[in-house]
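First chain A sits with chain B, and in the next complex the same chain sits with chain C.
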Partner chain A sequence: MDNSVQTINNLTIGFTSQKGEQISILKNISTTIKKGETVGIVGESGSGKSTLALAMMGYVKHGLYTISGECLFHSNNLLEMKNKDLENIRGRKIAMIPQNAGQSLTPNLKIGYQIDEALKLHTDLKKEERDKKISELLNKVRLPSPEIMAQRYPHELSGGQQQRVAVAMALAGNPELLLLDEPTTGLDVTTQAHVLELLNFIAKDTGTSMVYVSHDLGAIAQVSDRIIVMYSGEIVLDGPVRSILKNPIHPYTFGLLKSIPKLTSPGLPASMSGSQPQPGTIKMGCSFYKRCNLSEDKCKNNSPNLEYIDDLNTSVRCFKYKELINVKETNSDTVKSINNDIFQNEILDISKVSISYAKQKFIDQLLNKVDDSNPTVQDINININKGETLALVGESGSGKSTILKSIAGLLKTKDGMIKFDKDNVLSNDLKTRDPGFLRAIQLIFQNPDESLNPNHTVEEIVSQPLRLYFGLKGDELKQKIIEVLEKVRLGEFYLTRYPRQLSGGEKQRVAVARAFAAKPDIILCDEVTSALDVSVQAAVLNLLQELKEDFGTTYIFVSHDLAVVRAISDRVAVLYQGRLCEIGPSKNVYELPSHPYTEVLLGAALEPDPDIKPKLVAEDIVEEKPPEQGCSFQGRCPRILGDICKTDVPPWQIGENGNSIRCHIKVDDLKKQQSIN
Partner chain B sequence: MTFEKEQKKNNLQKIFEVIKTMASKPSGLIGLSILLFHVILAITSPLYAPYDFKAIDPTLMLQAPSSEFWFGTDSLGRDVFTRTILGGRTALTVTFFGSLIALFWGGSLGIFCGLVGGKIDDVVMRIIDAFLSIPWILAMLLIVSLLGTTTLVLIPALGFFYGKGIVRVARAATHDVIAKDFIVSARARGHSNLSIIWNEILPNVRDAIMVEGAMRWSWMLLGFSSLSFLGFGVSPPTPDWGLMISNARGLMSFAYWAVLAPIFGLSSLIIGINLTADAFAKALGIDRSTKAPV
Partner chain C sequence: MFFLVLKRILLGLITLFIVSLITFSGVEVLPGDACTTYLEREAYGAALEACYERLGLNTPAYERYISWAAGVLQGDFGYSLSGEMRINDVLGPRVKNSMVLASASILIGIPIALLLGIITALWRDKLPDIIISTVTIFSMTIPEFISATLLILIVAIWLEWLPGIVIVPTGVSISELLPNIILPVIAISMIMTAHMARMVRSSVIQVMASDYVQMAILKGVPYWKMVFKHVLPNALLPAINVVALTIAWLLGGVVVTEVVFNYPGLGRLVIESISNRDLPVVQALAIILASIYVSINLIADLMTLMLNPRLKSLQIKK
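Let's look at the complex of A and B:
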C-alpha cells in the first residue's frame, strides 16, 4: 500500500523580474511526506521554506508562479486544481497553523464560535455534536476548563493558549496533513516547550502527518522524525533527525549547527562568513560555494545533485560530503572562550531602582503624589564593573527592557538611583542628563529595520553621533565614519547604501557602528540578535566580543535566549516580573543549585539535539502583574514551600558557587531537591 | 528582489526620476501634460491673446462661436476665448502660493504635535477641530469682506483654511514613525527636538505631506473659483473662470458657450492636478497596492 500523503516532484516556483528574467525561489524540490511522519523543514530567512509549505497547500503567493513540477496530494496535483476543489482539501485534508495565532484569530469572536465555524465548514456534524466536539478539541490541546475557554475572546488568552486554539481549529477537520509555519516563534521559552510537547503528543495520538517549518533547529529537533535542510531554494540535506543533527554531512548544516550557541558548551559559537545569496544571483555552480570551507573549482562550475546515501538513509547535495561523514563532533576547538577575570572597577551602580508604568490620577498629579505600591520593576540592585558583560534574562514581561530603558534615560525611575562611574548620579530625565553621560551610554536595538532611518544612507546614520558629540565636519567626519565602519567589517563601499539594500547582518553591523562611533563606556544591547538568522547571529556575537576586547566596553545584554547569554556574558541576572531572582557569574548560574525560576527556564530551553528533551517542571501560565506581596514567582513555582512564599519577600542567599539566590528555600535544600531530578 | 547598486543621487536627479516614473503610466502622463499645458498657458497667454479682455462692444453681444470669435462673445460683447485663456492666471497663482503656505504651516504644526504629544498636542488639535467645524466659506467671506479681496489677503487666508487638514495628515504620518527605534535612538543620544524633526522625521513623512499638498491644491482651486463665483474673489473686469461662470450662467439657455469655455478650463485643470497628485503618490510608493509583490 502506498503510504505517502504528499509527493512533490521537481517543483520549481519563481517570478519574472522587472528585466524579464525568470528567477526561481524554489529549485527542483522533490520529496515525499509519509503517513504519520513529522518532517521538519529548516532554513534561514529567504531559503524558500515558507514558499514550499504554502505550495504544499496548493497556494502560490501573488506574483510567484509554478515554473515546473507538481505537488501531489494522494495523486491529485494541488497546483493545477481549481479553487473550488482546493476548498474541499484545505482544512479538511490539509490544515495550516500560522506563526502568530494572536493575529490569525478574529479578535471580536469567541473562541468557541471560531472553532464551531471551522467545524461547520469542514465537517457534517450537527449542532449538538459540534458543541461536544469543541470541548473535546479544547481538551485535546490541554486548555483548562474547555467550557469556560470557549466563551472567551482571543485577547483574554495568553500567546501559548492562542496557539493551542489555533491547533484545535486546525484539528477540527481531522486533517491528514498538518502544516506548521514557525508555530512557536515569538513564544516564551517555557510556553514554546509546552506547545512542542503538545504537538508531539498530537502527532502520536492522531497519526497526522506534520510538516514543521522553522528556522529554529532546537524546536525542529524536538518534534521531527526527518529533517529537510533548505538553502537558497534548494534541498541540501534530507534525512532522519539523528543522522542530520549528530552527523551533518552537508557543509552548510555543519556550519549552521556550529554557529548555534549551546547551553552545554560555554564560549562563543563559531560563525559562518557571508550570507545567503539573493535569488537569481547564482547562475551556475553550488549555491553554497562562496561560504563553504571545503569548496574547490569543481563546485564553482557544476551544481551538485541531491545524492542518496544508503547507509545513512540521507540525501545530500554536495560533492564533498564524504569528508564530513567521519567528523562526529560538531563542537570544534575553534570555539572562543571568554575570559573570566575578576573585574573591579565599578562603572554603573543600580541601587534600589523601581519603575512604574502606572498612570497617576489627575488629582495625585496636582499633589505630586505617586501612588503605586506594586510597580512593574522593583528593588533592582546591580553593580556593573568596567569591561564586564552583564546579561539580563527573563521571559517577556520580566522587565528586562524596562530596566535598560531607564538606564538610557528613556524611562523615569520611580525610586532608587543609577550611579555612573562611582559618584555621578544619572538624572532620570533625558533633558537634564549631562551630554557626556548620554554619550557614555549607547543603545543597540533588537530590530535593525526599525532602528535605522530608512531614508538615511549608512554615512548619514553613522555620522549622527560623530557630529553630535564630537562636532566633526567634512573630510575629518568622513574619515572617521570609514574608520568606524571598518571596525565592524564594513568598507567604504557601504557609505552610500540605504538600509534596505543591506542584509540583516549588515544592518545590525551598521547599528553597532553607530553605537561605537560615540566612543561609549557602556553599550546597552536589547535582544540584538533575536531578529537575525542563526549563522548571522554568531557573527554579530563574535563581532561584539572583539570590539569589547579592543575598546574595553561594558555591555548590558538583554536576551530571552539562555544559550546566547551563556555564550557572551560574564555575569547573568535572572528576572521574573520585574524582580531579581538570581544573579551570579554566568558559568555558575547554569549550574545547580539555582533559583526555581532559573531551573524552569533552563529546563525549557531547547537544544538542537533530539536526545536532550526539555524538562517541563512548571505550568506555562502567564501572569498579568506581579503579586502584591511575597515572592514574585509564587504563582508558578514548582517548589513552593507554603504560606511564607505568599506573605514574605524571600531573602538573598549566597550559594556555594557564588550565586546570589532570592528564595525562602535554603540553598542546601535547593541543591538536594534539584539534584534528584 | 534584485540587488541594484544604487548610488546616492542628488535632489535634482531624484526629482527627475520621480517625474519619469509618473509619466510612465498613461494617467500620470495625461495629468502631467494637462497641468503643464495650463501652467504654460497661464504664463504666456498675454502674448497671444487675440483681443483685449476688457474691451466692451455692445454690437457684438452674445455672438455664437465663429471663425472670428472662436468661443463666441459674452453679454458685454467681450471675446470668450481671450478671457478663457487668461482666466486661469489669478486662480493658479493664488492657489499655488496658497498651497505652499498650507503645506508649510500645516506640515510643521502636524509634525510638531505628533512629536511632542501630550497636553500641547491635545490643545492644538482641539483648536484645529474647532476650526474644522466652521464652514470655511463663511469664514472666508468674513475675512474677505473685512480685509478686501486682494491677492495678499486671499493667499494667506486660503493657505490657512486648507492647511488644517494637512495638520492631521502630517500628525498621523509622524505617529507612524515616532514609535520606531531610530527615533528612540536619536532621543537617547540626546538630539534636540528640532534636530530629530529635521533629520529623522522629515525624510520619512515628506512624501505623505507633499502628496496631501498636491491634493489640497485642486481643492483650493475649486474653493477659490467658488469665491469668485460668489463675487468675493477676483474683481471684475479681471478675467477669471469662476467669475465668468457666475456672469454667464443666467444666459446659459441660449448662450451656452459663455459658460462652457470657463467650465472646461476649470475642470480640466482640476482633473490635471488630481491625476498628477495620484501619479505622484504612486511614484513615491505611497499607494501600496501597486507595489511589486515580491
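Let's look at the complex of A and C:
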C-alpha cells in the first residue's frame, strides 16, 4: 500500500528577473512525505525552505511561478489545481502553522471566530457542536479557560498563546499533513520548549504527518524523524535525524553544525567562510563550491546529483561525501577556548539602578521626579572589570536591553548611579554627558538594517565617529577608515557601497567597525547576532572575540540565546522581570545552575541533538509586570518556599556553584531538591 | 473611554479658542478697520467717529474680543459690514447650500471611491486596474477649474442639457436648488473620488500582502469571504480619517468650484467677504470652518477607536 501523503517531483520554482532571465529559487526538488512522519526542513535564509513549504499547499507567492515539476497530494497535482478545489484541501487536508502567529491572525476578528471559521469550512458540525469543539481545541493546545480565550482578540494574547491558537486553528480541520513554518522562532526559550513539546504530543496523538521548516537545528532535532537540508534552493542532504545530526556527510551540514554554539561546550564555534550565493549567480558547478573545504576542480564545473546511499538511508548531493562518513565529533580541535584572566580592574560600576517606564504625571514631569513603586528594572548592582565580557540573559521583558540603554544614556535611570572608570559618575542624561564618556561607551544594535543609515555609504557610516570624536579630515580620515574596515575583514572596495548592497553579515561588520572606530572602552552589544544566520553568527562572534583581544575592550553582551552567551561570555547575569537572579562566572552558571530561574531557563534551551531533551520544570506563564513585593520569580518558581517568597525580597547568598544568587531557599536545600530531579 | 472622549472634546475647544484669538488679532493688526473700509473716502471727522461709536470700535481690543466671543458662544456673530445685515442671516442660507452640495458629493463620491479603490486593488495589475487607475490619475491631475470649465462647455453649452451656472437667489429652497448642483457635484467628485480611490487601493493592497491574509487563504477561506471578513475591515480603517478630512473640506466650501459655477455656498462667501474687506464675516467664517474641521476629526477619531479592537481594549485597560 502506498503510504505517502505528499510526493514532490522535480519541482522548480522561480521568477523572471528584470533583465528577463529566468531565475530559480527552488531547483529540482524531489521528496516524499510519508504518513505519520515528521520531516524537518532546515536551511539558512534564502535557501528556499519557506517557498517549498508553501508549494506543498499549492501556494506560490506573488511574482513567483512554477517552472517545472509537480507537487502531488494523493496523486493530485496541487500546483495545477483550481482555486475552488484548493479551498477544499487547504485547512482540511493540509494545514499550515505560520511563523509569526501574531501577524497571521486577523486583528479585527476574535480568536473564537477564526477557529470557528475553519470548523465551518471543513466540518459539518452544527453551531453548538462547533462551540464545544472550539473549547476542545483550545484545551488541547493547553490554553487556560478556553471560553474566555475564544472571546479575545489576537493582540490580547501573548506570543506563546498566539502560537497555540494558530496550532488549534490548524488542527480544526483534522488535517493529514501539517506544515509548520518556523513556528517557534521569536518565542522565548521556555515558551519554545513548551510549544515543541505540544507539537510532539499532537504528532503522536493524531498521527498527522508534519513538515517542520526552520533554521534552528535545535528545534528541528526535537521534533523530526527525518531531516532535509537545503542550500541555495537545492536539497543537499536528506536522511534520518540521528545520522544527519551526528554524522553529517555533506560539507555544508558539517560546517553548519560546527558553527552552532553548544551549551555543553564552552568556547567559540568554528565559522564558515562566505555566505549563501544569491539566486541566479551560480551558473554551473556545485552551489557550495566556493565555501567548501573539500572542493576540487570537478566541483567547479559539474553539479553533483542527489545520490542515495543505501546503508546510511541517506541522500546526499556531494562528490566527496565519502571523506566525511567516518569523521566523528571533531569539536575539540576547532573550538577556541576563551580563558583569559580577568584582573580585578573595575571599569563600570552599576549600583542600585532602577529604571521606570511609567508615564510621568504632568506635575512630576515639571518637578523632574519619577513616581513608580514598582519600576521595570530595580536594584541592579553589577561591577564590570576591564577586558571582561559580561552577558545579560533572560527572556523577553527581563529588562536586559533596558539596562543597556541606561548605560548608553538613552534611558534615564530612576535611582542609583553608574560609575565609569572608578570615580566618574555618568550623567543620567545624554545631553549633559561628557563627550569623552560618550566615546568610551559604544552600542551595536540587533538589526544592522535598521541601525545603518540606508542613504550613507560605508565610508560615511564609519567616518562619523572618527570625525566627531577625533576631528579627522581628508586623507588622514580615509586612511583611518580603511584601517578600521580591515580590522573587521572588509576591504577598501567596500567604501563606496551602500548597506543594501551588503549581506547581513557584512552589514553587521560595518556596525562593528563603526563602534570600534570610536576607540571605545566598553561596547554594548544588543542581540548582535540574533538577526544573522548561524554560519554568519559564528563568524561575527569570532570577530568580536579577536577585536576584544586586540584592543582590550570590555563587552556587555545581551542575548536571549543561551548557547551564544556561553560561547562568548566570561560572566553571566541572569535577569527575571528586571531583577537580578544570579550572577557569576559563566562556567559555573552553565555547569551548575543554582537559582531556580536559571535552572528553568537552561532546562528549556535546545541542543541540535535529538537525544538531549529539554527539561521543562516550570509553566511558561507570561507575567506582564513584576510582582509588587517579594521575589520577582514567585509566579513561576518550581521550588517556591512559601509566603516568604511573596512578601520579602530574597537575600543574596553564595550558591552551590560559587555564584551569587538571590533566593530564600537555603543553598543546601536547593542543592538537595535539584539533585532529585 | 469616557475620559478619552472628554479629553478630545476639551482639546477641540481649546483649538477653537486659539483659532478665534488668532483671527481676531489678525483682523486687529491689519491696517485700517471696518469703519475706514466702509466709509472709504469719507473716513474722517465726525462720520468716522459716529461709525466707531455705532460699531463699538473705540473700546479696547480685549473688551471687544470678550463681547464678540460671548456673542459667538450664544450663536450671534454680530453685524456684517456691507449690508448692515445680521451675519447669521447672511450665513444661514450659505451654510444650507454648502451642506446640500457637500452631502450630494459625499453620497455619490465616497461609495464610488471605495468601490473603485477595492476593485483596482483586487484586480491589481490586471485590465480593470489599469483602466481605472489611468482614469483616476488623469482626473486627479486636472485642476478643478479646468474640469469644471470643460463640463460647462460640453454639457451646458454644446449639449444644452443642464444650466451652466447657478443663477438662483441665495435663499432658494432645496428642491429648486437640486438640478443646479449636478455639474458642481460631478466636478467635485472627479477629483475627490480619484484621491480617495488611490488611497483605498494602496491600503487594500497592503492588507492583501499581510501574513494574516495569506493565512486565511491557506486555511481554505473562499476568496470573497476572505475579502469581506479579513481584508476590508482592516484595510478601510485608515480610510476613515481621509474620508473625514474630505467631508470637512467639502463642508467648508469648495471655493474654486463654487466660484466657477457661481454657486451660492460658503466658499464663495469667503472670497466675497475677503474682497469686500467685510472683516466681521471673515471672522465668523474662520470660526465656523475651524469648528467643522475640529468636530469632523473628533468624530473620525472616535469611529476609529470604536472599530479597531486593538485601540478599544487598550483604552479600557487604562
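By definition in this document, the second predicted complex is superposed on the first by the 667 of 677 C-alpha atoms of A that agree within 3 Å, B and C clash if a C-alpha of one lies under 4 Å from a C-alpha of the other, contacts with A are read in each partner's own complex, and residues count from 1 in each chain.
Following the convention adopted for this analysis, a contact is a pair of C-beta atoms (placed from the backbone, for glycine too) under 8 Å apart; a residue touches a chain by one contact, two chains touch by 3 or more.
Note that the coordinates shown come from a computational prediction; the quantities given were computed from them, not determined experimentally.
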Partner chain in contact with A:Gly280 - chain B first, chain C second, else both or neither: first
Partner chain in contact with A:His62 - chain B first, chain C second, else both or neither: both
First, second, both or neither for A:Asn326, with chain B first and chain C second: neither
Partner chain(s) touched by A:Ser75 [first = chain B, second = chain C, both, neither]: neither
Partner chain in contact with A:Asn108 - chain B first, chain C second, else both or neither: second
Contacts of A:Asn83 with chain B and chain C, given as first, second, both or neither: second
Partner contacting more residues of chain A (chain B vs chain C): B
Contacts of A:Asn455 with chain B and chain C, given as first, second, both or neither: first
Which of chain B and chain C A:Thr496 touches, first, second, both or neither: first
Contacts on chain A seen with chain B and repeated with chain C across the two complexes: 62
Chain C-touching residues of chain A, taken from the complex the two chains share: 54, 57, 59, 62, 83, 86-92, 95-96, 98-100, 103-109, 117-118, 121-122, 153, 155-156, 166, 169, 173
Contact footprint of chain B on chain A as seen in their complex: 15, 17-19, 23, 61-64, 278-281, 408-410, 430, 433, 435, 438-439, 441-443, 445-447, 450-457, 460, 464-465, 468, 496, 498, 501, 514, 518
In the complex with chain A, residue positions of chain B that touch it: 1-4, 6-8, 180-182, 184-191, 199-200, 203-204, 292-294
Contact footprint of chain A on chain C as seen in their complex: 209-223, 229-230, 233-234, 307-310, 313
